[in-house]
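Each chain carries a letter (A, B, C and D) given by its place in the written order, and its residues are counted from 1.
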């Protein structure tokens, strides 16, 4: 994402990571252009906020976001009214909303803009950004920056709704993928040819992205993870994390998500099963398949 | 289905139903043409088999099929080598296979050809028939008859695979519909506009037939049951029945269907909940929606 | 069971098994007494019915029972009005009722009497028999025979209710065992001492047989399978079978069993997971425990 | 709880509630003794901490506890090294631990001591307190106060383990109660007498507190909520809340609780179903029972 932003825009960058070697790796990649478009190292999040007006963050979890935005030496300590923050982390919608409200309360502006599309989309700048913004102006302000990195930039509503959109979609995705895997496995075990089974689903009311674009049964589609021993793609640990966020969000408002809750447990199991920790989330098919047979 | 078969073909019909008024209603509908193309009443299934070479059956459950085919005065008592049976009932795949094998063992031929497409599809002759046939010849023999009543006639494999295809698709359908309902409800409760929520799913990896063709949230799509108070469509009791067949089939071979098993229970509950017994299966959205709100 | 019946009663036995070496093994065990109390080999189930008035059967599944009772050379071919049949198999309650009704329709009497208590209970004659009998007289007639093999002989109601009682109890048992395992594992992972965690449950409203008599966490109780690497006891494949019977029974009458359905799937998975196929059903604790830890 | 503490001890009380009428109601109850043992009203939590050395809190949820302990005018603003805090709220174990660590970091001492036993236990002083204490000394310091209000005072381990013990027990309780209800309902629908069904479970491996002490089927036991139209007892909304805490705790450490997750959803549904919001949690039996019958 940073590569695309730097390469395709005219902006200089101020970068920060707790792992300094990431910064150096990034800089050395761009040594040819660095004299025209400088890349600066910041000392802390606060330092980033002081030196850059637009700040984009991408962090692994809710506590990290709270820490980087609101903690000691956090962005909040360096901000002024010029600052605009775009948080692309996928985190709890309640935390996302809360942090943004505090930043806004301190005079700057912020949107949440979680992303989908995976490593491939990040490299090809074809990501989808789902943006939660308290005003249309904030959304429009975020758009040009996000367009360097992605293809679809959608406003989902007020603060936190970017998170909501992402986890709702991914909850449905997890449910569909498990559903397709159960249906394909059952049909094949009962004597239907795998390719025919996929065709039947794809031309009937069972049709879904997980069956027609990302089929989990090896050999149905050539370029998806299931045909490459479930390497690459969207890992079980990542979807397990998104499912936890979905369950948290539902519990915050006491909404009922029965299949969502079961799917969360299934991906929690899968993400900790030997041989599955690092596999694509369509490997649920393989897991089910290994449990076939009257024994 | 019988209307289309009679009207569009050159065949005379021999008809039988335990409810004689159904026969009379059918005959009176066709009083204009009955002199050129007679409609005969049979006295029993056995009598049908004696008087018609091709026999099409459509029955509500496994015990009915066993009874009509193999019971006293059943088809088996009237058959000879000329008979060809097409069973369009949706029943247990093991029973379907078993009955067909006994009929074939007695010298006639049989295929299973369950149907999807609902009442609307039956009237418009746009049904899909999923055919299980022990030989390609049997499939080809069934095809012209089924084409009077449907649009897609697919061979799914050997005997019983028509049943398998149908219940696997419908199991995935049930799972998807519940998943879409949970995702739409959660997103809307957390502040996303319903139409936008549907758009996000439909352009993302959560996309499926239940979201883009049959959305369960009222007002998203004009001509689906959710926009007509869940009237018409595919009733909760019918999908609950198909889910029981799916669970039976999985248990016959000890296949694992975790979300399928939970979805079966959900539709069992829905089909017995006051106000939901006769509603379309997308009414799961309404059921979830009524349980929102911190209380 | 046959050992206890032969040793403790005055009866001679007529025995039959499709595996002839079982018969020989049984006879050689009792060579000392065989001259006073003969043991005869029968040629078929029908032969057993002809030569013995009271017949006790113990078979692995519904199709076996149908075959042995109603099939070619089955018990039904050898019976007369003197015959009394006690079926101790654990099978589908609908099949059990059906077979018994046919036997009774042919003039003999029958009860279902499935058993719980395991291999240990069988050897020690401490089994529980749950008897379904169409009359109290039938129950009383079965009782003295069952008392040679078990300790508690309970009439549960009409035909098939022995099966019902057993599967309802075992369904609850499966649910409780998974529940105890989830609660113990969660508590221990969150810092509570295992023995203390068990004590808390056992003196609170979570108390159950699975926590206070058969605790699934190794080291809590000395003589249960969990403390012997889950060897012995009640195997995952057996409880998975009983859970299938419970789901079948519920689906026959369209009763709702949500946790029962999920528990069935869990034991289906466990009975096919490498290293768990032959372990005691309390090994669900180990399975959960192996999936702990943030990864 | 406050009544027992005041009546049975020699202590004066300093009391605070945001609802002033609760305070007046309490005082008027004790007007006879108030001259010997004064009851003082505090103006805020901070004021309580200044005027009382031992402070007992009982609050409905995690945000309330954070607010009362750490917020403006909170306990933290009035504390000194003499203060000892006992929090009997049932809240997130992570929040409980966190708040206590901040209090301890400010020089006072704190334990968590959630309670079980219901309104009846509170009145009769037969409650169980599950205490999480960072030292044995803290536990021993809490004990005499808790003994005025309860019967069993158990140390569960370090800070937060009182919460852990309570939610693990209640998660198992919820699972068992649903399991008993499913088993009882299935057995009765299949022809077993209700009392007999309960007896079978209670003398078999399905035995649990929910079957032998609090049976959910009306008429089995005289003095439990199920025999009083599910009035009184432990409400569906309360167990739904405890189940959310259990799911939160499991997700914090990524532990797997499959039946726990489903049970949480079931009680979320029940707590929002018309007619069930205020009923005892054993009313899950009634809910299942209303969904019986082939329709």
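Operating definition for what follows: a residue touches a chain if its C-beta (ideal position, glycine included) is under 8 Å from a C-beta of that chain, and two chains touch if they have at least 3 such contacts.
Predicted model, so just to flag it, every value in this text is computed and none were measured.
Interface comparison, C-D versus B-D: the higher count of C-beta contacts falls to C-D.
Interface matching across A-D, B-D or A-B places the copy of A-C, with more than half of contact pairs shared by residue number, at B-D. If each chain is reduced to the centroid of its CA atoms, chain C and chain D end up 39 Å from each other.
With centres defined as mean CA coordinates, chain C is found 38 Å away from chain B.
Centre-to-centre spacing of chain B and chain D amounts to 50 Å, using the average Cα coordinate of each chain.
Each of the following residues of chain C touches two or more other chains: 254-258, 262, 268-269, 271-272, 291-293, 295.
Note for the complex: chain C touches chain B at residues 240, 244, 247-248, 251, 254-258, 261-262, 264-265, 268-269, 271-272. Against chain A, the residues of chain C that register as touching in their complex are 237, 262, 268-269, 271-273, 277, 290-293, 295. Listed in rising order, the residues of chain B touching chain A in the complex are 93, 116, 128, 130, 152, 154, 156-158, 160-161, 164-165, 168-173, 175-176, 178-180, 182-187, 189-193, 196-197, 200-201, 203-211, 213-214, 246, 249-250, 253-260, 262-263, 266, 288, 291-295.
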